[in-house]
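One chain, chain A, appears in both complexes that follow, with chain B as partner in the first and chain C in the second.
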Partner chain A sequence: MEEKIITKEDLLKLCDDIIAKGHTLLAPGIAEYVPVTNASQIQLDSSALPTKASYKSYVFPKAEPILYYKRSKNDVQLIDADVDGKKIIVLGAKPCDTNSINIMRHLFNWDYEDKFFDLRQKHFIIIGLMCNSFDDYCFCTSVGSSPVSEEGSDLFLIPLDEETFALRIVTEKGDEFIQQYSGFLKEGDETRSFAVIEKVKHPEKAFDSKQVHEWLGNNFESPKWDGIGNVCLSCAQCAFVCPVCHCFDIVDEDYSYSEGRRMKNWDGCQFGHFTLHASGHNPRDIQSKRYRQRVNHKFRYYVDKFGQILCTGCGRCSRGCPVSIDIKEIVANCKD
Partner chain B sequence: MEELRKYAKELLEKGEVAAVIGYQQVNERRTKPIIVTDPADATKLVFNEYCLNNLSVYFTRARIRSLMRTKDKPTKLAITAKPCDVHSIIALIQENQIQRNDVHIISFYCHGVVRDFGCEFSGDYLASKCITCETHKPLYYDKIFGEDKVTPQASDKSLAKIKELEKMSSKERFDYFKSEFDKCIKCYACRAVCPLCYCQRCITDKTIPRWIESSSHGRGNFAWNIVRAFHLSGRCTGCGECDRACPMDIPLSLINRRMAMEVKDLFSFVSGRSLETPTLVGSFDKKDNDEIFM
Partner chain C sequence: MNNIYMPHLAEIREIIDESPDTRTFRLKFKDADTANSFEFKAGQFAEYSAFGDGESTFCIASSPTHKEFIECSFKVYGKVTQSLQRLNVGDTIGIRGPYGNWFPLDELKGKNLLFIAGGIGMAPVRCVIENVLDWREEYKDVTIIYGARSVSDLIYKQEIGEWKIRPDVTTVVTVDPGGATPSWDGEVGFVPAILEKTAPASENTAVILCGPPVMIKFTMPVLTKLGFRDEDVYTTLENRMKCGLGKCGRCNIGNVYVCKDGPVFTYAQIKKLPQEF
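Coming up: the complex of A and B.
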C-alpha cells in the first residue's frame, strides 16, 4: 500500500478533469449517489450518514434491456443489447458501499457470466472515504467490515484536516488511474493517517455472524420466525436500497406485434408474488416466511455458496423501512 | 401514557378486542408499529409526536385480520389512531373493508407530528398535512386521550408548490414530473403504506395481459404513478404516508393533494370525513357533469 497526500483543492481539480473528460463522476447526494456536473457541488463529509440508496443502479440498473427482438411471419430475430461501458468514478463512497460490487460479483459470475454487470464493473473506479459517524442502524462491524475498511476501494481517502486528505492507493486499478494525476500528489506520512484512524469510533458489534450462520442452519422452523413479519407491509424498499440485494425479474416488453425487448428489472423477495407459482401455489405465502428467507439468504445461503455475507451493515433497509423493522435487531436475536 | 396502557390492557384482558394495533418507541425520535395480543405487552404502547405510521393500513392485511377470528366469536381489533388516521378508517368502513363494529378506535387530541423520524418537533419539521389540519379532535372514536394543544406554525410549502405547478405550461409540468418519476425504483413502498391501496392483486402485478410495464423506466413509472393518482382520487385522505415511505423522495402527495382539491371543487366531497355519506364513486348521479369522465 502506498500513501500520498492530496489537498481538497487539488482533489476538486481532479474531479473537474474527470468531468471534462466525459466520465461519470458520482458523489453522495441527499437521497442517492448523484452524477456531479461541477466539482463545487461535492461535499466530502466523512460524518455524513449513508445516502438513502446505494450506487448499485450504476452497475446493476433498475431496468435494462438485455436483448431486442423482431418477429416476422415465420421467424424471430434476436438483436444483442449494447452495454454502456462508460467509465464511472465514485468519489467519497462509504466503506459500507465500497465492497458491494465485489460481493455481487460472485452471483453475477456464478453459473452464467453476466456481461452487462461485468463490463460495467470493469469500468468502475471507487474512491472510498473513511467514515466518522454512525447511528442506531449502522452495524458494519458485525459483518466483518469497519468504518475505516479499504476493502473494495481502489483509492481510499482519510481526512487529515479541513483542507488535506491522505490518499491510499489500494488496487492496481486505482494506481493506474491516479498516476495521470501524479502532479497533484505529495508524499504521504502514514503516522498522520494512522493517528486519525485510531480515533475513529466504531459501532458496537451487534452479533457474531458465525454464530448467526450456525443458528440459522438449525432453526429454519424456529417459532421465533412466527409473527416476525406481522408488521411488514411487503414492499421492496429494503431490497432496492440495499447495496448488495440483486434479485431480478426477466420480462418481455412488446412495442408492437413485430417488435419488442427483453428487460432485466429489479425484484424483491418481500413482495408476496415473488414466489407465486403459475399453479397458484406460493411456497412463501406469509410474510414471516419471506422475512426468514431474507435473513437466511444474507447470512447463511450466500455464505455457504460464496463464502461472503450478503450484507455490508450500512443499515439502509432499517433506516428507511416504513414500519421501522430493524434487521440488526432481528439478526442479533438469531440465537438460542 | 399510563392511561392508554391501562386501557389497552383491560380491553385485551376482558377479551373485548383480539389485538391492539399501536406504536412502540424505538428511540427518542422514532416509533414503530406493534400488534399487541398479550395484555402484558400493553406496557410498550406509546403515543407522541413521533407516531407517524398510519396504522389503519393493517386492517386490510390478511395476517392481522386473521387475529379477529382466533377465538370462538369474532372479536374486534383496537387501533391507536391520530385524528387524521381516523379519516382513513372512515374511508375503509365506507368502502366495506371493515365494519365499524369490528373496530375499537382509541384516539387522541393531536397537535401535529414530525415530518420524519429523527426531526425535532417544531414548525420547521412539522409534517405537511399538519399545517392545514382542522381535525385536532377525531371525528369518530371509542376512547379519547390527551388534551387539545396548539400546533406549531409553519408555512404551507406543499400548497405553494402546487400553485407553482399550476402556473407552468403543460410541457413544463410534464418535464417536472418526468424528472421526479425518473427517480422511481418501483419498490412500491407508496402502495404498501397506503391504507386505501388494499387491492389483493394490484393492477401492476397483473401479467396476462400486462397493463402496466413493470420496468422502472420513464414509461413504466408514468403509467404506475398515473394509475395510482386516478385510483386514489376522491379516496385519498391525505395522510402523506406515501411521501414519507418513498426512499427516492418523490413528492407523491403533491399529486394526491391536487386531485383532492379538484374533487372538493367539483363535488364538495372530502374523503374520509363522514360515515353518513356514501363514497364519491358510490354517489354517482346521472346529473353529474360529463366532463369529469376521461
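Coming up: the complex of A and C.
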C-alpha cells in the first residue's frame, strides 16, 4: 500500500478534470449518489450518514433492455442490447458501499457471465472515504467490515484536517488511474493517517455472523419467523435500497405492434408474486417465509455458495423501513 | 462478450394438441449451426420465448437421440403459455438453453427402469422414455405407469400407443375414478393404487417419477413399501424461474438452486431440503 497526500483544492481540480474528460463522476448527494457536473457541488463529509440509495443502479440498473425484438409476419428479428461502458468514478464512497460490486460480482459472473453487469463493473473506479459517524442502524462491524475498511476501494481517502486528505492507493486499477494526476500528490505520512484512523469510533458489534450462520442452518422452522412475518408489509423497499440485493425479473415490453424490448428489472424476494407459480402454487406463500428467505439468503445461502455475507451493514433497509423492522436486531436475535 | 439472455430462434414445424389444454410444439432452429450444435441430455430444461409476452420454463420433451427437431409441451396456464398457444405452424419462438442437470441415464445402464408419471408430468418422463427406448438393449425391464385425471387429459396418446404394442415395455395407463369414457380400456384408479397393483420388482430398479406434488406425496410410501430406496427414485422440481442461470433469485430451495443444481433430484436429496417447494 502506498500513501500520498492531496489537498482538498487539488482533489476538486482532479474532479473537474474527470468531468471535462467526459467520464461520469458520482458523489453522495442528499438522497443518493448523483452525477456531479461541477466539482464545487462535492461535499466530502466523512460524518455524513449513508445516502438513502447506494450507487448499485449504475452497475445494475433498475430497468435495462437486454435485447430488442422485431416481429414481422412469421419471423422475429433479435437485436442485442449494447452496454454503455462509460468510465464511472465514485468519489467519497462509504466503506459500507465500496465492497458492494465485489459482493455482487460473485453472483453475476458465477458460471454464466452477465455481460451487462460485467462490462459496467470493469469501468468503475471507487474512491472510498473513511466514515466518521454512525447511527443506531449501522452495523458494518457485525458483517466483517468497518468504518475504515478499504475493501472494494481502488483509492481510499482519510481526512487529515479541513484542507488535506491522505490518499491510499489500494489496487492496481487505482494506481493506474491516479498516475495521471501525480502532480497533485505529495508524499504521504502514515503516522498522521493512522492517528486519525485510531480515533474513529466503530459501531458496536451486534452479532457474530458465524453463530448466525449456524443458527440459521438449524432453525428453518423457528417460530421467530412468524413474528416478523406479521409486521412486514412486503413492500421490498429493503431490497431496492440495499447495495447488494440483486434479484431481478425478465419481462417483455412492446412499444409498437411489431417492436419491443426485453427488460431486466429489479425485483424483490419480499413480493408475494416473486415465487408464485402459474398454477397458483406458491412455495413462499406467506410473509414469514419470505422474510426467512431474505435473512437466510444474506447470512447463510450466499455464504455457503460464495464465502461472502450478502450484506454490507449499511443499515439502509432498516432506516427506510415503513414499519421500522431493524435487520440488525432480527439477525442479532438469530440465536437460542 | 456473449449475451447470456439472448435466445436462439426456432420455427414451429408442427403443433400437436395433446389434450384440451396441453400442446406440443415441434421446433426447428432457424440457424443451421445452432441446429447442428445444440446438444442436451434427458431432463434438462429451456426458456421458451413468446416475443411480446416473455419467457416460460419447460423441460425439453423430446429425446436427445432425435437430432432433427426438439419438442416442448406446455399446459396453457399463464400469460406466456396463452401467448404461445396463439402461435401457428411457421411462426417463430425463442429458445434459451439447455439448462440444469439431467437424469443419469449412463449410470443407470444395466438396471430395470420404472417410469411413473401423472398429468403434464409426463413431459419430462417422455423425454427419458424415448431416450431409453433408443438405447433399449442397455437396460433391463422397462415399466411405464401413467395416469391423468380423465381420458382427455392423457397426453402423448400417439406415443403411448407405440409403447403399448412394444413387447419389451410394460405400459400401464390409468385415469382417476370418474375420468373414464365408455370405450376406455385402461385402468381406473389413482397412480399410487395402480402402482401397488402392478407391483414392479424393486431389485436393481431405478424409478423416474414426475407428477403433481399430491401424486408424489402418495406414491412415495407405496414405493417404499415395494422396497424402493429413496436414492433410486429420481424426480424433478419445478420452481418459478426467470433466468435459468442461477441469478434472478427465485427458484432456490434453501441453498439449492433448482435451475443449476436441479431440476433432477433423487428423493433422498429432496428429503434433506427445507420444505419450501
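Keep this in mind: the second predicted complex is superposed on the first by the 336 of 336 C-alpha atoms of A that agree within 3 Å, B and C clash if a C-alpha of one lies under 4 Å from a C-alpha of the other, contacts with A are read in each partner's own complex, and residues count from 1 in each chain.
Criterion: a residue touches a chain if its C-beta (ideal position, glycine included) is under 8 Å from a C-beta of that chain, and two chains touch if they have at least 3 such contacts.
Computed from a predicted model, the values in this text were never measured in an experiment.
Following the overlay on chain A, a side-by-side fit with no clash is recorded for the pair chain B and chain C. In the superposed model, A:Ser234 lies in contact with chain B only, and not with chain C.
Put simply, more of the residues of chain A are touched by C, taking chain B and chain C as the two choices. Shared-chain residue A:Asp136: touches chain B; no touch with chain C.
Of the two partner chains placed by superposition, chain B and chain C are both touched by A:Asp249.
In the superposed model, A:Phe177 lies in contact with neither chain B nor chain C. In the superposition on chain A, A:Val323 makes contact with chain B only, while chain C stays out of contact range.
By the document's definition of touching, of the two partners only chain B reaches A:Ala63; chain C does not. Once the two complexes are laid over each other on the shared chain, residue contacts for A:Asn296 go to chain C alone; chain B is not touched. Look at A:Ile30: by the touch rule set out above, it reaches chain B but stays clear of chain C. Figure note: vertex chain A, arms to chain B and chain C, all at CA centres after fitting on chain A; angle 90 degrees, rounded to a multiple of 10. Taking all C-alpha atoms of chain B against all those of chain C in the superposed arrangement, the shortest distance found is 5 Å.
Comparing the two interfaces of chain A, the one with chain B and the one with chain C have residues 249, 251 in common. Against chain A, the residues of chain C that register as touching in their complex are 1-7, 9, 11, 49, 51-56, 77-78, 81, 90-92, 94, 213, 238-240, 242-243, 245-255, 260, 274, 276-277. The touching residues of chain A, when paired with chain B in their complex, are 30-32, 52-53, 57, 62-63, 136, 227, 229-231, 233-237, 239-241, 249, 251, 253, 263, 265-266, 268, 271, 273, 286-287, 320, 322-326. Those residues of chain B lying in contact with chain A across their complex are 26-27, 30-35, 53, 57-58, 61, 63-64, 117, 183, 185-189, 191-193, 205, 210, 213-217, 220, 241, 244-245, 247-249.
On chain A, the positions that touch chain C within their shared complex are 66-67, 69, 71, 74-76, 78, 80-81, 107-108, 110-115, 118-119, 220, 246-252, 254, 260, 262, 264, 267, 269, 274-279, 281, 283-284, 289, 293, 296-297, 300-301, 304-305.
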